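Same chain, two partners: chain A is paired with chain B first, then with chain C.
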Partner chain A sequence: MSQVNRLPAPQGSLVDRAQTVSFEFEGQCVEGFAGDTIASALAASDLWLLSRSFKYHRPRGVLTMAGQDANTLVQLSGEPNCLADRTPISEGLQVTGQNYSGSLRRDRGSLIGRFARFLPVGFYYHAFFRPRGAWNWWSAWFRKKAGLGVVDQSFVGEGFDKQYRFCDVVVIGGGPVGMSAAITAATSGAEVLLLEEHTVLGGSLNYARAGIDANAEKLRRKRLVSEVEAAPSITVMTSATATGWYADNWVSVLCGKRLHKLRARKVVLCSGYLEQLALFHNNDLPGVMMGSAAQRLIKLYGVQPGKRAVVLAGNDEAYGVVLDLLDAGVAVAAVVDCRAEVSSDERVTAASHRGVAVMSGHAVYAAHGDHQHLASVEVRRIVGQGECASHGERINCDLLCVSVGVMPAYQLACQAGAELNYEEQSASFSITRLPPNFELGEAWDVENFPWPIFAHPQGKEFVDFDEDLQIADIVNATLAGYKHVQLVKRYSTCGMGPSQGRHSALPTARLVAQATGTTIAETGVTTARPPFAPETLGHCAGRSFYPALRTNIHHRHIEAGAQMLQAGAWYRPAYYGDDPERAIREEVLQVRQSVGLIDVSTLGGIEVRGPDAAEFLNRVYTFAYMKQAPGTVRYALMTNEAGVVIDDGVVCRLGPQHFYVTATTGGVEAVFRKMLQWNAQWRLDVVLMNVTSAYAGVNIVGPASRAVLEPLCTGFDVDKTAFPYLGVRRGIVAGIPAMLLRVGFVGELGYEIHVPQHCGEALWDALMDAGESAGIRPVGIEAQRLLRLEKGHVIVGQDTDAMSNPMELQMQWAIARKKDFFVGGRSLEVLERRPLRRMLVGFCANPAGSVPKESHLIIDGDNMIGRVTSCAWSPSLEKIIGLAYVDPASAAPGSVISIDVDGRRTVSAEVVSMPFYDADGLRQAL
Partner chain B sequence: MSFADRKQALRRSQLYRWHVSQGAIFVERAGGVFVNEYDNSRDETSAAGHLGLCDLSLLPRHGITGAGSTAWLLAHDYEPPQHPNTVVTQPNDDLLVRLSAEEYLCLRISKLSGAAYDEPPHWPGDDDGNAYPAPRADSHCLFAVTGSSAATLFSKLCAVDLRPDKFADGCVAQTSVARVNAIVIRHDLNGTRNFYVLTSTSAAEYLWECLLDAMQEFKGMPVGIAALQAVAKVRA
Partner chain C sequence: MKILICPLNGPRNISEFTYGGEYHPLADPQKSNDRAWADYVFFHDNHAGIVIEWWCHTASSYWFLAERDTRTDNVVRTFPASELATSDGRS
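== the complex of A and B ==
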């Protein structure tokens, strides 16, 4: 059986007969040549059964030989759903069919075809949900049956990549029209990228026959390819498929394992036509294929597609197929020409001269198989649109070539905004209303037979091979009320399979138009969304980027045993050690009792400079800054135009026109953008600089912090008088130029030291060394969060949400009332006149009970009156403390609230005055 | 002087540990610790001509911003570029990059050849009219991507067309590279294609890893400043 159908050279332009390649199909060793696809090599060895259909498990074989259909989907070891007519063979390749029970040839699943009458279109919408609970059983069955190939979960990932590309003109399609367009564009000076989805340039010149001279296409191809290769400004990508068009001529191109993200000034679409189906009984039998598929087998792969053929014709191209079949030694039993009269094309005449019988005005009414392959066709006279005479003649054949019409490859054009227009005279769709910078290559006329659709009493005239949809399914969908072609698609799943309606769109439009009494032009086709061709998950995943930001002190944290967490893009130390509960408790107590070191480099930093700097800050924050003295720090609360709290930090006045503002780690980018946006309107004389990355920050905090820091400082005093609470100083720390802030986020004496980023680790080391005798230790952000909770400080984003205003947070003290304007001020005035709907309060709960978690609900009977925003067991206070939004009626200190902790149990808590710790603020002001 | 001991070097690149792990041999330039070469048998100069990646994060650089920046530069004998997003080499070999109408960045390339951090440049102070210093030395890390395959490498990471005929020598792009904000400056070295890339210091390790990963396809490799200087024929 080895390569029994192989034709001698010069047929088979893609195969290298000097290199034999062996592979396995269904456990059987098969030989082919280098350059063969799986399908062509199997066909050469007379193996035509490739797969089983999705619904009825019908045998399927070669249809297009161009990777445009689902018939050839096969399973490779490690990769499902590969197109056998596009995938090259390689030594040792293991291939099996898909979607069968038992064996590909004896598929038990094909029994379902006998019950087809009980499985009409949309049957699953009406079944399987009764009796109650039935769906659970059915869904498991369906899930087992769904899908085609099988994912190999042990598969080890391979490298997929992405790349940007640019060009003046991208020509999509490397056929004669595409090559001509590329040459023309290059001649005009454009930088051209020519994309061809197949392995070689040439398109239809590689297989089709436009005249009687068998060599004409070959010579034309040679000339065009030479011109392309001689043009220095043309870059050719073969095996490259443009899968989608996106805004501004952004085209996704798949080539090998790389997704090219192409930006072109102009797109020229030269992707030609897709040959279309004829609908008759058993039109899906292996042995029934497009005329162009037979030509591809002969000319590209040197494979004889059958021994005795019938050609179903609807245009003159079919006679080119006839001539090629004859040249390949195939006996042509008849040409069944649907047209009442054949044309005078030279190919028709030549076929006649070679003794081929032409049956004009006839159609193939049914195909009949034997051993799962075509054995004969039943030919009948056409007596009306879609109607055949009651009797006909049976012709034995093992090959039926269908050549009745084409559909333009419209998908990319329509994604770009073009429209399809149906012309009754030519019975074909054309592409119209192209967007700017999008052109079509020069088209050639191809005749369509207007109604190659012949319904059969026993059905099985398939419209959509992917989903096993027959004529009746489409008609019944319209009868069920789904009259619009888009609804027909969704109800029937027509066009939703792997071939994405390439062959079903045209017959569906015709059938829906007939069933609904509209024209085909009015009916149109369904939306063609990207991707046009299959994209693997590898292509989508490919090279992806997940930015990770690290502080200059990052590696010291790792060396100290920190458990890092990612907050936004930042890596931050959560705690140090393996036992989180113990580590956090010890770190909190360290700060309360001695001294700790916290990396605050992630804190946002913005410099505001210029004559209007104070005025600017006065407008963007709720507090007042005009009279802020240099060398001092003030709290900063930012609201948006609606009065919602969106960020907070501190404002340090470094000079009369120079401020340094901190913002939250996650909020600084948005704050900076807001500042730029606002000042674009205000036009104040101010310069804004986001300097977050310029500085590393370390917070040395705890009652012993001053003693540790003092010996390292040069140029300023750190004592309480010279450097009081809410002061800012610049000087030298451990030989490093530094800016120091005295702030009290965690409620202890502390100094936030900001130094040039590259010096962060040096500062950290110096402080750790200096604090060694005091037992200094690093403190993570979990402990920092707990410390601030003890102090009753809110974290914007955790204790606030998209509705929180300063009154709800009980932060009216942070609003300067005498200012003329600040962002959100007007909204706050309005809000203040309304009764509060909720308030953020502190609460304490029984230390022996469960610790509520963030977002646990506060309930009052059956009513939800609030939620917890922060809660933890406090090592300093030895009780459970937290913050929660509650109904204002429950906000007074002493009120008792119930927290639903797990849907069944509640924890009782008492509302208390804040802060929980050091209410007089004496410790931070030491 | 050994730079392996952390405490002997105040300023180190964020990538210092990575360089050490790759057998870097360090050299002091302009008060910072640079990789001179890696301890291996590879020809770094040749690699720099093909595709090399060099960490210049500690190269001195300065920013200036504010409405009076251009006037200030002109008044102090700088030669600012005519247009935003371009770079001009100064008489002392430093590069002055114009980032916007009134924002500049000075890369003190000339300091690569000097061992000591000599004088700071004449640069505006805190109260120098309406031109203000910007802390560019620490806000950004700085890498050089050199060689004939450099533009192709960027096509895997950056959506801007950086091909030689589209992004000429002296052009600047403020864009995104591997999804982090970056400034890309084309400044060829004696005919060898070269891009300087600045991104947030915090993203230094991330972007370095991205670049190394992407350059594998082209057999690129990290190089020290010796290779860069050999390519550029910078005064020793």
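== the complex of A and C ==
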């Protein structure tokens, strides 16, 4: 039975008969030709059963042969839910069906179809929820029964990526209309991108038949393709699907494993039509397919779609199908034409001349199967809209081609804001209210039969194949009160499956209109949001690009055995060595007892210059800067308009009109941007520059720091009187021009040395060399965090949240009282008049107990009265210390608070006055 | 993706910009009572129609204003902040 249905050339324009390809389907070896899809190769070998449906496990086969339906979803060995009528075969490919128990041919799950009347639309919402907890049991069962493919959990990453593209005109659809549009646009000088979702250009010219001449389309295609190829300004992308339209003609295009993000000056949509279903009993049987699907099988793949066919017609295109079937050696038992009168199109006449019986005013009322394939159809006379005579005749056939109407592929136009209209009389669609720079290609007219819907007492006239929805399901949804088409969609899940309503939207609109006594135009169709075709997570993820910033000293940290962590985009050394606890403890003691070196290059830096520089800082920070003397450093606390603390740092006055301001590593971008926004309004005479990455910084800190630093300095004195605490100096350190700050973040004598970024490593090396005899060692940010905690300094963002004000932080001292204005000042004035709701306090706990962690709760009986923001075992003090928000009633030093540790035990702690270490701040001022 | 026309850098993808909230003239903290100040800080008009908004071209840190119709998401025009902000920022 190998390739029994294969037709001779010239049928089968896509397949190469010289190249045989074998693959496996359901464990059976199948042969096809290069160029075949899985579905065409199976059809060539007379295998029509592709999958089982989602709910009733009904056998399903080829429907569109265009990748527009969910019938053909199959499982590949590494990938679920692949379209069998799109996926090319390859040697050794392993394919199985999906959604069955047992075998595809004998699916035990199909028994469920017999209970369909107990599983009405919306049954999920009605049943299975009682008794309480029942759903948990049922849902597992449904998951198993109603699954799609199987995800390969051993999957390893693949090379998905993204590409940006630009063009003057993008033409979506490479059919005759699209090719003509591309040629026209190119002639007028535009750079054109022509997108075709199938593997070759030509669209309907590849398979349809507009007249009696079997070669007319072929010739027309040849002419258009050669014109397209000859135009140098047309770029053609095949196998490329435009999946969505977004603002300003931004079009997502999927091509292989790449997502193209396309910006086009103009979009010309030439996506043509999607052939539509007819609704009758068993309209989903394998063997029932769109007329265009039969034509695609014949002409693209050289596969005979059946031996004896019936064609259900609603327009003249159906007679093109008839002629093609006859040419392919298929016997056409009858054309069942729904129209009362058949037209005089040349194809109709030709079909009659070739002896085909035409039954006008008739419909297929039911299809009947045998061995899971169509065996006969029951044809009845139409006596009214959707009504058939009580008797009819049975015609044996193994193929039923449905050609009753089409719907424009309107999805992208509607995403762009256009309107889809329906004209009841002619049952025709139009698309209007197109946005600017969006056009539709001129398509030919296809007649639609207005009501190809024939209800059957036994149902099984499927509206939506994906979700197994029948006529009664849609009607019942309206009876349940869901009268709007959008509500029907959500209640019934109609159009929510993989084919996204491409075939169900129109019959649903018709049924809802009828059931609610409105017109189809009024009912409308459901929204077709992007993506038009499935996008994988791989497409969305693409290649991962994570920006990373490394300081100039980065590899010195690596050499010293640092464990790096990412803070924002910056890599910073967390600690040095393999044992974090030991390393952090030693690094802390190093700073307290001798001297350590901390890389502070990541610290934000902003230069503020100009006549209004001091006034500007006075407005953005809570402190006062007008009278700050050059050569000094002041603390800087920033609040927003609501008085919430948003950043902190220091302000160094370098000259009357020149300041250097630091900001937190993570906050500097936002702080700088906010400063600029304020000044866009204030219009002060000041220039701001974010110099964060222009400088490397090293903090040499510890009681021995001055002794290590002194011999390296030229041009300034480092002794206590010449360069006191909270001073800033500029000079030369180890031959490098530097700016030095004496600040007290970690609470020891220290110098923060800022040098041009590229000199960071040289400075680090010089300091390490100079400090060798003093036993200097690098110190990571974990130790730095602990050192500052011992000093009771808050880290904005860790010890503060979106509500923290300076009073809660006990930082009233940082608010200048005599200023006219600063951002947040007015709000702080209001807040200060109100009682505090919480306070940030320091606490000490028993060193033998377990260490509370950030965010553990402070409890008082059953009440939560606060939370821990920082906590650690302090090597300097040899006890547990921390910061926590507590109820003001528990904020006085000496109060005892209870901390709930991991919900398992309660640790008792005592509120103490801060700082924990060196309360008088003598050490930093040495 | 939307295109926004930066008065300094020309048309750029919206992903290059940072939104800065609705523009409102600065209130005078001295002349506002508590309620008026709270309204100024916390309440936004959320107007259906054309609103003026702050936008910043992130890469060049350039702030400007945009008139946007919140009903259609159409940006009617963009212009430098100097058009609205007076020397003390209170227009």
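In the analysis below, the second predicted complex is superposed on the first by the 922 of 926 C-alpha atoms of A that agree within 3 Å, B and C clash if a C-alpha of one lies under 4 Å from a C-alpha of the other, contacts with A are read in each partner's own complex, and residues count from 1 in each chain.
Rule of thumb we're sticking to: contacts are C-beta pairs under 8 Å (C-beta built on N, C-alpha and C of every residue); 3 or more make two chains touch, one makes a residue touch a chain.
Everything numeric here is computed off the predicted structure, so don't read it as measured data.
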**OP:** Go through the superposed model and pick first if A:641 touches only chain B, second if only chain C, both, or neither.
**Re:** second
Original post:
Can A:677 be said to touch chain B (first), chain C (second), both, or neither?
Top reply: second
Original post:
Who contacts more of chain A, chain B or chain C?
Top reply: B
Original post:
Counting only touches as set out at the top, which of chain B and chain C does A:827 meet: first, second, both, neither?
Top reply: second
**OP:** For A:526, select first, second, both or neither according to whether it touches chain B, chain C, the two together, or no partner.
**Re:** neither
**OP:** Please indicate which partner A:924 is in contact with in the superposed arrangement: first for chain B, second for chain C, both, or neither.
**Re:** neither
Subject >> First, second, both or neither for A:762, with chain B first and chain C second >> reply: first
Original post:
Which of the two partners, first being chain B and second being chain C, lies in contact with A:655: first, second, both, or neither?
Top reply: first
Original post:
Is A:247 contacted by the first partner chain B, the second partner chain C, both or neither?
Top reply: second
Subject >> Shared chain A surface residues [contacts with chain B and with chain C] >> reply: 261, 263
Subject >> Residues of chain A defined as touching chain C within the complex >> reply: 246-248, 250, 261, 263, 641-642, 672-673, 676-677, 680-683, 690, 820-821, 825-827, 830
Subject >> Complex interface listing, chain A residues touching chain B >> reply: 161-166, 261, 263, 543, 545-552, 555, 570, 601, 609-611, 654-655, 657-658, 685, 687, 689, 691-695, 735-736, 756-759, 761-762, 765
Original post:
Which bits of chain C are touching chain A when the two form their complex?
Top reply: 1-3, 14, 18, 20, 26, 29-30, 32, 34, 37-38, 41-42, 54, 56, 58, 61, 63-64, 73, 81-82, 85-89
Subject >> chain B residues within the chain A interface of the complex >> reply: 6-7, 10-14, 17, 32, 57-58, 65-67, 126-127, 130, 132, 134-140, 155-159, 161, 163, 166, 178-180, 200-206, 210, 214, 217
